[in-house]
Amino acid sequence: MGFDEVIYGEAKSVALLLGLLEEYVSRKQNVLITRVQNKKAKALLKKHDSAFFDKESGVFMLKPLEGNKGVKQVGIISAGSSDIGVANEAYYTLSYMGIGAEIIHDVGVAGVHRLLDKIEDLRAYDILIVVAGFEGALPTVVGGLLPHPIIAVPTSVGYGTAKNGETALHAMLTSCANGITVVNIDNGYGAAMSAFRMLNLKK
Amino acid sequence: MGFDEVIYGEAKSVALLLGLLEEYVSRKQNVLITRVQNKKAKALLKKHDSAFFDKESGVFMLKPLEGNKGVKQVGIISAGSSDIGVANEAYYTLSYMGIGAEIIHDVGVAGVHRLLDKIEDLRAYDILIVVAGFEGALPTVVGGLLPHPIIAVPTSVGYGTAKNGETALHAMLTSCANGITVVNIDNGYGAAMSAFRMLNLKK
Amino acid sequence: MGFDEVIYGEAKSVALLLGLLEEYVSRKQNVLITRVQNKKAKALLKKHDSAFFDKESGVFMLKPLEGNKGVKQVGIISAGSSDIGVANEAYYTLSYMGIGAEIIHDVGVAGVHRLLDKIEDLRAYDILIVVAGFEGALPTVVGGLLPHPIIAVPTSVGYGTAKNGETALHAMLTSCANGITVVNIDNGYGAAMSAFRMLNLKK
Amino acid sequence: MGFDEVIYGEAKSVALLLGLLEEYVSRKQNVLITRVQNKKAKALLKKHDSAFFDKESGVFMLKPLEGNKGVKQVGIISAGSSDIGVANEAYYTLSYMGIGAEIIHDVGVAGVHRLLDKIEDLRAYDILIVVAGFEGALPTVVGGLLPHPIIAVPTSVGYGTAKNGETALHAMLTSCANGITVVNIDNGYGAAMSAFRMLNLKK
Amino acid sequence: MGFDEVIYGEAKSVALLLGLLEEYVSRKQNVLITRVQNKKAKALLKKHDSAFFDKESGVFMLKPLEGNKGVKQVGIISAGSSDIGVANEAYYTLSYMGIGAEIIHDVGVAGVHRLLDKIEDLRAYDILIVVAGFEGALPTVVGGLLPHPIIAVPTSVGYGTAKNGETALHAMLTSCANGITVVNIDNGYGAAMSAFRMLNLKK
Amino acid sequence: MGFDEVIYGEAKSVALLLGLLEEYVSRKQNVLITRVQNKKAKALLKKHDSAFFDKESGVFMLKPLEGNKGVKQVGIISAGSSDIGVANEAYYTLSYMGIGAEIIHDVGVAGVHRLLDKIEDLRAYDILIVVAGFEGALPTVVGGLLPHPIIAVPTSVGYGTAKNGETALHAMLTSCANGITVVNIDNGYGAAMSAFRMLNLKK
Amino acid sequence: MGFDEVIYGEAKSVALLLGLLEEYVSRKQNVLITRVQNKKAKALLKKHDSAFFDKESGVFMLKPLEGNKGVKQVGIISAGSSDIGVANEAYYTLSYMGIGAEIIHDVGVAGVHRLLDKIEDLRAYDILIVVAGFEGALPTVVGGLLPHPIIAVPTSVGYGTAKNGETALHAMLTSCANGITVVNIDNGYGAAMSAFRMLNLKK
Amino acid sequence: MGFDEVIYGEAKSVALLLGLLEEYVSRKQNVLITRVQNKKAKALLKKHDSAFFDKESGVFMLKPLEGNKGVKQVGIISAGSSDIGVANEAYYTLSYMGIGAEIIHDVGVAGVHRLLDKIEDLRAYDILIVVAGFEGALPTVVGGLLPHPIIAVPTSVGYGTAKNGETALHAMLTSCANGITVVNIDNGYGAAMSAFRMLNLKK
């Protein structure tokens, strides 16, 4: 199904990851590893110095990214600059899957006019991934304004009652806007893969 | 402090409430009882047929309401028609305290333009009480557009991840708009009393 | 956006609903009301005897359903017969939106061979809505076998640690299958609307 | 609305913060950054040696504080010495907004006489911000004694059943005193901004 | 140990309870049954018309109560009139165990002066049982003023964030007053038995 | 009330603690500080080299402990060797208050015979403090065998469903043994103070 | 696998169940339906008057039970008389599967001697199912005394911190006795099926 | 009962562990210590250089493992490579108890065909221990395919809604497959001991 060349890196040791990379090198294949901690990435990059690594999201790719080219099918809207890691994880996963994407930064709900100014631009994408922490209200407002498929990604940004993303997650699931779908907290990767599934509909 | 003539009616028996009302009658004082169930209210109204009762909120007042007159100091914004009971509890409590108030119905976040159309009207009030269930995003949007004191009231409307109002409560407390204050779930009465405290600042 | 003719009926009184229906009748429009309790539905049907009502899901439609015709774009897979109400809510909402759909009953994970026997049939749909209570494992297995967009709907079926659907919800969100999206507990309506959004991609 | 010159510093890198500060310097504007960790503050102070930094609360201000002068409109009551960081965040935010404030330390509920001795002094303020961890009972007692607007701030001080401030939060929201409003756990900044909104009523 | 003649009645059928009572009658012993629902109590009283039953608490005793005589060793302080059932359960259990007790009603924390007026009276008891719902702050204030053993009983009175007594329970356990002990929510019986254990120290 | 010479050390800086100690030295008074981290204790001991410090519990006392002498009134039963810190906190607090105490180690419920062998020894104490983590069943078994006042202390020992002591706490509060009282998780200090209150009954 | 002739009856309508029974009758097979509510059972028994129904557990069997004969392989220990329904569900399921079983009633942990008196009798069974509500300590004590496979079943008996069986569940899972296994709250049926799986080892 | 030579190492100091090991050496007995952190293991190995230590699980054994020989009675199925530590804890505990075991790696539910390919191999074991994190669906699928006793072990692998293993735990307990039993999160040791108890049935 095209999904199997992605590795969840968080709980794997450097030794294990190096072994796996070796295999992909020998098979002349690219591979995407998610959630590689900075320290571990350094060790991997020593051996594979032409690889790509994004510090904010922990995304690691064996072959350098040739640029996210072509038509931008997916718009990734991010509520605040603290959500950058999650937005990047979605962005690089889409790039890896060969899908054009763009991040639209800092579209907070507390300043709704800034969002309204961008609505026409957003209309151009096929799918919208909406990333937000704190109270997670952005997908509701966007979903109320646009008829696109909306993939909401709650982030663990905030403190106290933000409950490590649980509040944003629950708010998105109980959204009074119609037809919002939701993925796990901080799961930029999952949002990208779900957009990938949906884009099959265009084929 | 002017607060003591209000009774929490939910867990009190008809017998107990009738006894208390007798006292107020003999002292020729008015009294407000909150959360009187419909059945219990019928029994009270039999004895006190000139009393006032609001079915939606369960507010009971010994002396008939003479109308919420004068300047409208408090605007009560309600996100959906299921929040009517909580909005009414705030409204009648304010009336009882002698404060002019108005309810603005059905200002949902999923249709943000309807809200924007009303912003200039909302500007006229001193204080805004914002009542919302589901994901509770309304106070954030209002608070981002207006500089008023904002008292957010989460309601227990919704199902599943709405968690009987907990999600709206947490969303309001983690609002990315500045300076929103919050009261207990469904606590229209508390919102009104807190507006009452704030209006002392104008004296 | 084509979404506005749907009413959330659960917390609305018969009087209010009858008033709203009157309006739609006079405008010669159809309307969908979700989560109408059986008792309330009887009262509505007295006045509107040609209306449609589904007892299992509480879906009410002013104009009788002309049949879910044409190409079946959405497959609704249900894990057990207790999930029928939620599956029906999705089905009738799709019908109302003019989208062809079919329910595939009783495809439990505990008997994985029954599921495997149906995989080729499932491949024919554009989108799969997967409805499951208890441990909510069905979307993972389906998502591992098929590349379709998958909308997982947790249901509140089960007892004890099922926690009214919370366990199924969390299991679906942490699915080790790629790109599963999730809606609120028991939210068949939301799943249908989200399929509706996705099908725009085919236009 | 006068709110936009405040930055949430916790999740922002030194590089990003330095960039933002540069801008404010060039615009000759002051700026407040909240929740700057000590380590990051050191790096900022190296470049901006006339800036102000409070270690307890993490409040950073570009222009040195000229003193919290004039009439003291807001009294900040703190239950214990472990709540000092949160009290300071409220205090410095108010100073930055140009509002006179004072902190009243160590007014615990377990020694209620110490509180009673101070009641007359507290009466002089327009608004009371009440900061408390553990069981969070202080706002109830203060709110029962004084008619002021009361902004309760739960803190994450305590262990076990204190649940990182959740118990204090819930206790404040269920307060049997009338009209208490509440902000997020440890949110001294939000309490200050809410007092700022309320003080508009005096104009 | 003198504890064995008490039966937890809530989940037992009338038939089972009648059988058990028969036994005690034939042994000419008294017995205490807790949490007997009103309906079930009526059936029991038909057969045992000289028995004692308290409607508020559901306490049933085979032999009529001869009065709570002698020195009042235990003071039961109740925060509000909705806590009466729990206070009564403690009271009648103590009576049954032969211990003198008294209930002191409506000593709320929101009106701390009413409590202070009673402090000298409270000093006369050996042990204080403090019953409170909502935010459960009363044991802290009492415990800060008096050196007695304090048994705190949280009640399920309140709504929303009161969480069926959980907030009061957690508040009492995190009390900043020293040496408060706590029993289960609504457990007036357990508080009485724990007082009974403590009074052994006087022998 | 004899309680005020105890300081909660966890969240206080070395500088603050040294200041406080200075005061007690000048007043020639002893003082107890709880929950002093090892690192901070070292700094305090440098200045006050005759002070007492217990590494396991973090208890710090200005004047060296003269030994826990005289009649042993309180027995502290500990379920496992991981509970030693909490047991010690209770023990040293009692010593500081001048009350004789003894710790009985490793009396687990999984080997109930070891407990039964010690029952007669336990009978000699006035009060029993029972410290247990994991499922927290020890107070129930002890309370079923002995008529003493029982102060149960849940500890945060265990993993997974132990939930940092919450499971032991809830198990102790729902104990089917009569009259068990409970204090906060890991609160050895609170258990000791509550024993101190109870022993007033012997005077 | 011999498991498929069991139906979960709780959420199925009488009509549906009657249809299913019809099928089994025509196939001359027996069938077990769990959790049939009393009202529904009456309707089923009208049509199938030779069927078996147990009121306490809601177990329904098409063919009358021929007695639980032969060697008693499984001992079902019940902590209190309120756990009878769950114990019965285990008992009748085992009977249906053709396995000899016995219930041992009222073996509470608070009176540990009663349990010790029965230890030798318990030794005779192959497997022990231990049913307990409240703090759920019984499996730990039994598991510490006997080397048998132990299947712990938490029940929803208790109030307040019993949390509908969650406390017993967590206590059993964190048991300090070795090798206890656990099933869902109130799941007597699951315990029986798990014993059935284990007994395959004897073949 | 053969269980007493196992020590829970996590919360014990090196000094304490060395003392305990000394005893076992002098008694010429082997001993198993679970959850020894790497750092502590190094210190132990310095003194006992012929001892066995497994880095992944933290299992420490005084006498070198002579190999897991003989018939493989227990199959340990692991869903992903991040579950290796828990699988190893089960494996080495079984080895220590003298029971033949084997680990079958990486049998995820998202690729159900890989599991189906191994079903015949799995049939050969007496008992299956199934280890899984994330949504924990593996035991359900295995339990639906095979009639063996199944001991499910949830692991704390995953993020966000995985809730440190709670979601897998709850999913396993609500499994729609019959007769699955469950142990605490990450409790490989407990799973092994429970298999040990079951294997007594074969004797």
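Couple of notes before you dig in:
As written, the chains take the letters A, B, C, D, E, F, G and H, and residue 1 is the first residue of each chain.
The rule we apply is simple: a contact is a pair of C-beta atoms (placed from the backbone, for glycine too) under 8 Å apart; a residue touches a chain by one contact, two chains touch by 3 or more.
Treat the numbers as computed from the prediction; the structure is a model and nothing was measured.
Considering every other chain in turn, the ones in contact with both chain G and chain H prove to be C, F. Ranked by distance of CA centroids from chain C, the top chain is F. When every chain is reduced to the mean of its CA atoms, the largest separation from chain A belongs to E. For D-F, the matching interface among the pairs G-H, F-H or C-H, defined by over half of the contact pairs being the same residue numbers, is F-H.
Once the centre of each chain is set as its mean CA position, chain A and chain H turn out to be 35 Å apart.
Centre-to-centre separation between chain B and chain D, using Cα means, comes to 28 Å.
Contact of a single residue of chain F with at least two other chains is seen at positions 160-162, 169, 173-174, 178, 184. Of all possible chain pairs, those that touch are A-B, A-C, A-D, A-H, B-C, B-D, B-E, C-G, C-H, D-E, D-F, E-F, E-G, F-G, F-H, G-H. Within the complex formed with chain B, the chain D residues making contact are 1-3, 6, 126-127, 146-151, 169, 173-174, 178-184, 190, 192-202. Contacts from chain G toward chain C in the complex involve residues 8, 10-12, 16, 156, 164-165, 169, 184-187. Chain contact summary for the complex, chain A toward chain D: residues 81-82, 157, 159-162. Those residues of chain F that touch chain G in the shared complex are 79-80, 108-112, 116, 134-137, 140-141, 143-145, 158, 160-163, 166-167, 169-178.
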